[in-house]
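The following pair of complexes shares a single chain, chain A, combined with chain B in the former and chain C in the latter.
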Partner chain A sequence: MTAGSPAASSTGRLAARLAWRLSDPAVGVWLAALGVTLLGWIVVNARGGDFLTQPNVTIILQNCVALGLIALGQTMVILTGSLDLSVAYLVSLGTLVAAETMDGREGNIAWAVLVVLLLAGAVGLANGLIVTGLRVNAFIATLGTALILRGWIEDTYTGPAGSVPGTFRRLGYDRIGPLPVSVFLLAAVAVALWLICRRTRLGHHMYATGGDEHAARLSGVRTHRTVILAHVLCSLCVGAAALFLAARFGTGSPWAGTEARYDLESIAAVVLGGTLLAGGRGGVVGTLGGVVVLAVLDSVFNQLSVDPFFKNVLRGVVIIAAVAVWTRRRRRGAPRRTA
Partner chain B sequence: MTTETPTTPKAPGRPARIAALLGGGAPVYALLAALLVALAVTDPGFYEPDRLLAFIRRAAPLVLLAAGQYLVIVCGQFDLSVGAIVTAGVVVAAELYSEFPGAHWLVVCAVLLGAGALVGLVNGLITTGLGVPSFITTLGMMLILEGGVFFWTGGSPQGYLPDDFRAIGRDDVFGGLPWAVLVCAVVGAGAVALMRSGFGRTLIATGDSERAAALSGVRVHRVRTVAFVLSGAAAALAAVLVGGFSGVSAQAGSGLEFEAITAVVLGGVLLGGGRGSVVAAMAGAFSLTALFTLLNLQGVSGALESTVQGAIVIAAVGLGAADWSRLRRRSPSRGGPPS
Partner chain C sequence: MLTMRDMTKSFLGNRVLHNVTLDLVPGEVHAVVGENGAGKSTLMKLLSGEHTPDGGRIELDGEVRTFAHPAQAQAAGIGVIHQELALLPDRTVAENVLLGREPTRFGLVDRAAMERRTAELLDDLGAVGIGPGTPVRDLSVARQQMVEVAKALAADVRILVMDEPTAALAEHEVAALCDLVRRLSARGLGILYISHRLREVFALARRITVLKDGRAVTTVATDDTTMDAVVRAMVGRELTSYYPPRAARARVGDPVLTVEDAGNERLARISLSLRPGEILGVGGLQGSGRSSLARALFGAAPFTTGTMTVAGRPLRPRRPRQAIGAGIALVSEDRKGEGLALRQSVRDNALLVTRAVPGRQRPPGDGALAELLARVRLAGAGHGAGREVRFLSGGNQQKVVIAKWLAARPMVLLFDEPTRGVDVGAKAAIHTLVRELAGEGLAVLLISSELPELIGMSDRLLVMAEGHLAGELPAGASEEDIMRLATTDRTALARKGGERR
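Let's turn to the complex of A and B:
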């Protein structure tokens, strides 16, 4: 071999690795987020507005938090090959329970946080047990749980209830520079879940179970336990989102979760971030990118004062188009990766 | 349809054979029979012909949606857009009548059916051609349709539907036989004939194993696209019935997609495809409607209704899954692994 060939092959390998990196949806979705931000900035500025102002950035980040927390939880269950449609009603119930338990008194905050997380954990446990123990398909199981929670909410509450003390509301409104405090909550949860996914046995078992449950079982993974834990993790994230929304609204709202359609939006964000709906591939980083894309788009539409109904149309088109692009890349990338 | 119920008590002592005969739908027939008995006990007048026909008329839209959804689910896909198609269909019909007040109802129905089929075609082409998971495609389509309809009508659908159009949803053909029952029977018979034809067999084969079907010469993409088209058309037909029965409303179809999927799954059809019968799916729709009727008669408060519904759906599907695994899926691989 000539002297030049190692260098040439190493640049070739570098290019190949770069292409592989780019075909990773987690990288792609962040590039897309960057692109959407740039595009929004150009369009809004061209129309005489100002996009990247401090208040606007703060609003975008704040809008990321609730959907982000829920989508992170949803990532855990989708990675494991399951699904959670009960998140919207669980969020509503969480805000109500939080606000009623706090009842405007500072001393109750710790107790309320504990109660909400326990409730969320219990719902997640129930979801997981129904999916694994009763062998009910996750779609139907969590839809059933959603209906049960809905009945509970509608039977008990007729409107906003409870009140959140000022100290706790600071979680929803305080900021450090342009960064809302709540973003740190999101970041902490994201880092924790990232560590669970990449560094712990549970995380590896989740990927294995989602990739091929049967193979995982035969290799000694306790798939049932893994699915149950994923559901509990998901619901705990939803509980955290409920606490944030309670701090934001200052009261518990029976429509907190359903009005924003967190059930379907969170699944859309997860899939936008490149996680396979069938499970086994994807991750926390991509989901955060998907959430940012949705939040930035929302802000751009607001700045351009797009009709709220037309906004839904555009959102639908964007979600379908983005997933179509990921699938294309994955299809093209698949033989290379298996080789 | 309902006439199937008496087959369940026949030939006791051979549960396995009956289950094979009913195509895994045994639990739903038992459930439907139980609900019908409970209805008779609660309300002795329930089996008077006109009230029974009224019950079937009320169930008709959901039965149509379940039949369409069955076609999509049995080939391994989802259609979440049917609820939005119903809403859009009702609103579009009203808009058509305000544009062309003299339009014949047949023309309007034909336009709606064509539009529904077109939406299904788009769903199918995006799902098969671009490889987007149908969950996301139809979720996006739902956002697009709902957003589009409200954007078009400025947020509050106006107009009214003339009597000759509404006749299909609420009037009788002759001698006390409602149009809706006739439509329901025709579509039911059509669906059964379709599933017995070569197309039905390839549809099930596609859902069972896409690769095996493709290798044996099934045009998988085409078969799936046709299933989506039929589901869209069925949803448009349901829109005609719903519009006739309850008039123009922005909420006409909200939540119907989940009800349809629940009905299909209640009928023992496997989410993921390849197993289940269309008659059982339609029986699932009747069971769901019977359940709603029973809860109403029992005076369960409107709020708790969804709680009971959720619990019963989970229990019914759980029981179905348990029976199923014992009777049919005694594969050795499922018996031994760690749990």
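Let's turn to the complex of A and C:
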């Protein structure tokens, strides 16, 4: 075999390694986010619009918050090899419970926050127990809880209910410069979850359980407990999203979660961020990237007032393309360090 | 230190262990042997807390213990190395080794300490060149095994259970593992060693317990017994000759499959011919390209260069379907993953190929199917072909795989490790069957890591090294001949290639 000159082959190898790093989902999805933003900026400007204005950036970020919180929660369960389809109804119920408990009075805020988080935690616990204890497939189990929550909502509420006091609504509207304060809530949750994933036993066990539940169990990991905790974490994130949306809307809405299709949307953001749907691989950073890509795309489409049908087609294409790229990378494996 | 007394366990009303009693003393290697389905793995799973026994008790240092979860067994100092490695390919070596016992500092996992501790453990095992930060996926099987051992030792175990630790290793790696086992037992660990390979068992163990049909037949000191006696106890009959007689030269016909200077990503300059009536053995180390060769011939990972003919016509299969159509069959080394649809019945599996590839052969009817299953000597074929394949023993599963291919009446049969993880009795049956098939005029390619099997079965032998054919040997070559060729280094191969050009 005739190899090229050493210099040529070493640059080739460097390029291969660089390409490999760039196709790491956690890096790639952020590059994609950057690309989409640039593209949006060019296209919108070419149409005589203005893309990177302060109000627009604020709107994009605000749109990131609810989906971001839910997708981060979803990341936890998907990493662990589970899934949560009940998030959309839990969000709706969360906003209703928050607004009704606050009932327009500032004194009730702390109490309401606690109640919503407790409710969310309980739903997560139930999901986790059904998945592990009753050994019901997560898809079916959480679809079941979703239907139960839906029944509860439809039976109890006919429309918006409760009211959120002004102080709490500031969570939805205040901003520091172009940054909405709610972004700090998202950031705090993201950092906390990142730490859990990377630096706690629970996190390591979540990856292990999602990667190979049997192997994890044989290694002494309490896999059931891990799955249950992942579900609780997920639902707590959903609870936080519900509080944020209640602050945005000023009232509880039975359609808060379902109208935005947070169940499927959050799963889309997670896989867009390179987390394996089967579990064991991926993480917080990728998911945030996925959320940003979806939010920026939405904003671009809105500015260009694209036909909603075409908009959904494009979103579908983006999601499929991203996952295809991540899969391709996985199958190829890393380039060898030495030729 | 450990006594398992009267262990009993049933699955679905099927009793797989009857009052098995076993004890282990510190510093001892105690081998547990038996055919597949004899209950060895079940016994170990009771010890490791994976299953809970229906009866009997486990005593550790005289104290009765019950384990409801593997974590409890580990806490008690029992480590298990499973036959199918329980490693997470996407996680690093350190994350695997210390899984379930990650060191923490202020409640957070201390990665530095984790890598340090892992490096210490690996050093201690004499496993050089395994970085704690490497993803396990990037390691060879032998190195993954080292990681498994390190993982078991990370828990400060006193008792180590090794379930078929050498099943996936090549011969020279087996030697290294045996050394390691000796060193561990010298440190005072009690080791329960489960293996099909009696040679290893006799080289390592102080005592041997033979299980048969869920009962402990005998426990003997290795010095007081012979391999023949142990085999007799295992199968309950005498195995006179391990390998059937070779093919008569005269009956070997003209080549039915030829390959000329072929290659792909993993293979280079492959030239060979397969003739009806003969068994061509292929030896080499793990990763030398043996399986790649079989997969290339079968069109699963096709050749990209060179020429190939099947039955005199040029054909370089690009898909398995094409190869099957031309009469090539592959009994893959990964029986459960690639050979069978585990949750389907024996019948569905046996008919899979004929159903999927029309034109080759019509699916056989019930009578023909029964004949086919009898021909591969499927034990208990009378139980009906409706049973799900996953309930069969490894040996019987392999017979179903062979039946599936025979249904399509192939001309060329490629066997990749056909007796891996198969018990002694079934192994002999498979050997006889393979020889019979060759006798009926099929061309057989046989890949095996087990040198005695390779030598005993082959009419000719090819040895592979680093994706090349390192050489050809006649029947009756010695293990040394094969190993010498198998360890040929790349420079020598390159020189040889140059000469040929």
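Descriptive notes on the structure:
Please note the rule applied: the second predicted complex is superposed on the first by the 313 of 339 C-alpha atoms of A that agree within 3 Å, B and C clash if a C-alpha of one lies under 4 Å from a C-alpha of the other, contacts with A are read in each partner's own complex, and residues count from 1 in each chain.
In this text, a contact is a pair of C-beta atoms (placed from the backbone, for glycine too) under 8 Å apart; a residue touches a chain by one contact, two chains touch by 3 or more.
Computed from a prediction, not measured in an experiment: that's the story for all the values here.
When the shared chain is aligned, chain C comes close enough to touch A:G211, but chain B does not. Look at A:R222: by the touch rule set out above, it reaches both chain B and chain C. Set against each other, chain B and chain C touch different numbers of residues in chain A, with B touching more.
When both complexes are overlaid on chain A, the residue A:E154 reaches chain B alone and has no touch with chain C.
By the touch criterion defined above, A:R201 lies against chain C but remains apart from chain B after alignment on the C-alpha atoms of chain A. Touch criterion met: A:A146 reaches chain B, while chain C stays clear of it. Using the contact criterion defined above for the overlaid structures, shared-chain residue A:L18 touches neither chain B nor chain C, since it reaches no partner. Contacts of A:I319 after superposition: chain B is touched, whereas chain C is not reached. In the superposition on chain A, contact of A:R281 is made with chain C only, not with chain B. In the three-chain superposition model, chain A touches both chain B and chain C at residues 214, 217-218, 220, 222. Listing the residues of chain C that touch chain A in their complex gives 48, 50, 69-71, 74-75, 80, 82, 86-91, 95, 99-102, 104, 107-109, 111, 137-138, 151, 155.
The part of chain B that touches chain A in the complex is made up of residues 126, 130-133, 135-137, 139-144, 146-148, 150-151, 155, 258, 261-262, 265, 271-272, 301-311, 313-314, 317-318, 321-322, 325, 333, 337-339. Chain contact summary for the complex, chain A toward chain B: residues 130, 134-137, 139-141, 143-148, 150-152, 154-155, 214, 217-218, 220, 222, 224, 264, 267-268, 271, 277-278, 307, 309-317, 319-320, 323-324, 327-328, 331. Against chain C, in their complex, chain A makes its touches with residues 195, 198-201, 203-205, 207-208, 211-212, 214-222, 280-281, 333-334.
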